[in-house]
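Common to both upcoming complexes is chain A, partnered first by chain B, then by chain C.
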Partner chain A sequence: MNHDDWLAALTGELRRHGVGPDLTGHVVAEAATHLAESGEPPLRVFGPPEAYARAVADSLGGPDQRPPRRRPGPVRLAAQGVTKRYRGRTVLDRVDLTVRAGEIAAVVGANGAGKSTFLRICAGLLSPDSGTVRIDGTLGYCPQDGGTAEFLDPDEHFVLVGAGRGLSRRTARRDGRVKAAALDWTPPAGTQARHLSGGTRQKLNLVLAGLGEPDVLLLDEPYQGFDRGTYLDFWHEVWRWRDAGKAIVVVTHLLNQLDRVDIVLDLTASRERVA
Partner chain B sequence: MTKVLVVAESALRELLRRRSVLVILLLLPLAFYLSRRGDHLGQSIRFVCLGLGWALSTAALFAGSAARGIEPRLRLSGYRSAHLVFGRLLALWTVGVLLSMPYYVLILVDQHDVRYGAIALIMALTVVVAAPFGLLLSAVLPRELEGTLVLLTVVGLQMVMDPADSVTRALPFWFSREIGTYAIDHTDGGYLTRGLTQGIAFAVVLTLLVTVAAAVRLRQRRHLRFA
Partner chain C sequence: MDQERRAQWLRGVLDLCVLALVSRGESYGYELSQALRTHGLGTVQGGTLYPVLLRLQRSGLLSAHWREGRTGPARKYYRISPAGSAALRAATTDWNAFALSVGAILSEEPKR
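Right, the complex of A and B next:
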């Protein structure tokens, strides 16, 4: 691993450990200077980037995984009295959810609790038996699976979805690649979606959901197949979206994420509580 | 218009990357042609046109089924259902024209004393009808196997039924037999008129039905309101 690769890996790991951009820049610059002056290989001087980043984060008293809350903005998504029955069984019973700009809502519940059904209703892909959903702004949706075209490569996906949002080819490709980089992914040119791994395909799915900067993002367990680093990158991206004033709804069954969000909608109990 | 062209370009890329499917599509009409090449030259023209229709309908059926996963996302991204339908139709029509050209050249070289203009007309109508027909089947029958069986039935009936029987006019490729008779047997213009009328009517109706089916499937649900 040469200096540049090691420094790039260190930058990513520091970000994943919750070290802020200013401090990351400072640590990386200091390490680069030391390496340039010593001429020694970085692995011998500092060890693996992940271990060094962890040591830096620990020395700062542990990562701050919870960015400061900002004052939420206007209501972007308002679901009221959403009820859905399948073959006589009530899956969703008068579910309410209100998400404002700058808020993250987690939809949790046991298997079969209707999490994905609720999100599909919010996206307008499925009709409820009763209830309404009001969206203020544009909508981005990341399905649990599917949502990509098998025989198109990532850049072609960016162009296709971007055109719907009114983006030019160049802008769509550039924006797609910038969003992919935030997930530590460089989309390979010419590799069709069917040849991507499950986790990488989900990265593509997530990037497509955020393309064109929609005001409301509906994410249905988008991290399936992600490795640990990408999983952390995903949450950083979600926080960045929140800081940018977007309203985000994430379906999840991983309860350790709940302290990272503003609203929790537990469909097991069909009730809403503020985190 | 940009949105239609982008959808068409993407659909065309997807179709052209299914290389093994393309080879089969290209060879299928040839098999139809050669099956009657020995005993009845004129009949081989009718069969190759049916083969083209079957090949393109099948391609449209599979393209429509494959698009089901991404179309809701595209709809949410700002496309109208009509953008998606006409983009895909444009791609399929382009593939149909490319598919037909070598067979038209083959007929020019291999067949004599036939009305070549009428044969070109059959091929053009076949392309125009087959694409929405396959897309409509994919819209109505979400499983590809069911759609393929329906296609098989339609083309099989088209081959074995007497074209003079009025029931056969309800089949989408009836025009190819009718105009084929005009082109091969040098009959009067009535065959051409009847075939042309049926072909155009089917093209218009099938295209309308595909558009309506997509509009219904990808409609904005009434419970969802945008402020």
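Right, the complex of A and C next:
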């Protein structure tokens, strides 16, 4: 990789990591100066562009392009006293969660803490033993895996799910492709879902969840199999949704994003409190 | 020397070393990397050094400005701020006490 290629790649990676245009210019110019003066290869001095961009972003303490915060809107999701037992074991014990328009709630907890169960109950796919979930508005749900049809290609998925949300074929396809582009993905025409990689299938799932701009988004660890760049794209997409006034619930086990969400529901803590 | 341990030590003190070098007069990244080597700290790559400079700048301990060189490209020069000088003084005292304690433990005669 020569200097110019490396610097161009660095520019792109810095943008991806949420570094603003001014600072990106300074960082790239400073690296160019160093390379010119030392005469050393960029990979040896700075490492791969992605890794260096991450180091720069980390030294800023997070992206400096955080979306402006707005006042949250009306309540979109209200879960009250949700309780679920499996074979005598209490998985969820009187769990409450309220999410308003323009808010992100993170559901965290150890494996088996009932994160996915809670989300499936919120999505209406599973009934609680007691408690209620009230959703105000339309709903998009992204499961942890599955959720795609093996023998349909991405465009056919967009059309199928779009139809369920009142979108025309054309609108659904266009909307799907725009949302895919935000995840740095160009859906291949005619490739059936079973031939897509796990990470790509998750991109498809995520796009489907957001199709038709639902008011409430339920995302169950949707970034499995994403590389680091796509993972960052994913969070930018979530912040964009929040800015657009959606209510978002994300199941996650990655705690380093928790300072960027509005509500944290720790299911481990709730079970320990009970025990 | 054990490279892994050396890298660990350096991580803990690199920002202080950079502050100290810049406190002797404004400097830029490439020059600082050479100064670190001259002082026996080996090669500190740009990928390690510049994020440290950025963090020191963002926390207000260093100020920076660009200046055209007579030959070659423009350089980003760093200068220590009053807050940086104060932080360096405090950290130098802390480090000396810390190094003294470690030295005392390591050089203590074993009991018979």
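Note that the second predicted complex is superposed on the first by the 208 of 275 C-alpha atoms of A that agree within 3 Å, B and C clash if a C-alpha of one lies under 4 Å from a C-alpha of the other, contacts with A are read in each partner's own complex, and residues count from 1 in each chain.
In the analysis below, a contact is a pair of C-beta atoms (placed from the backbone, for glycine too) under 8 Å apart; a residue touches a chain by one contact, two chains touch by 3 or more.
If you're wondering where the values come from, they're calculated on a predicted model, not measured in any experiment.
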Partner chain(s) touched by A:Arg44 [first = chain B, second = chain C, both, neither]: second
Chain B versus chain C as contact partner of A:Thr33, first or second or both or neither: second
Chain B versus chain C as contact partner of A:Ala163, first or second or both or neither: first
Chain B versus chain C as contact partner of A:Phe151, first or second or both or neither: first
Touching partner for A:Tyr52 - first (chain B), second (chain C), both, neither: second
Contacts of A:Leu125 with chain B and chain C, given as first, second, both or neither: first
Of chain B and chain C, the chain that contacts the larger number of chain A residues: B
Chain A-touching residues of chain C, taken from the complex the two chains share: 28-30, 33, 45-48, 50-52, 54-55, 58, 66, 72-76
In the complex with chain B, residue positions of chain A that touch it: 82, 121-128, 131-141, 143, 146-152, 156, 159-161, 163-166, 192, 208, 211-212
Residue ranges of chain B touching chain A (in the complex, touch as defined): 2-3, 6-7, 10, 13-14, 17-18, 66-67, 69-70, 72-74, 76-79, 220-227
Complex contacts: residues of chain A adjacent to chain C: 26-27, 29-34, 36-38, 44-47, 51-52, 55-56, 58-61
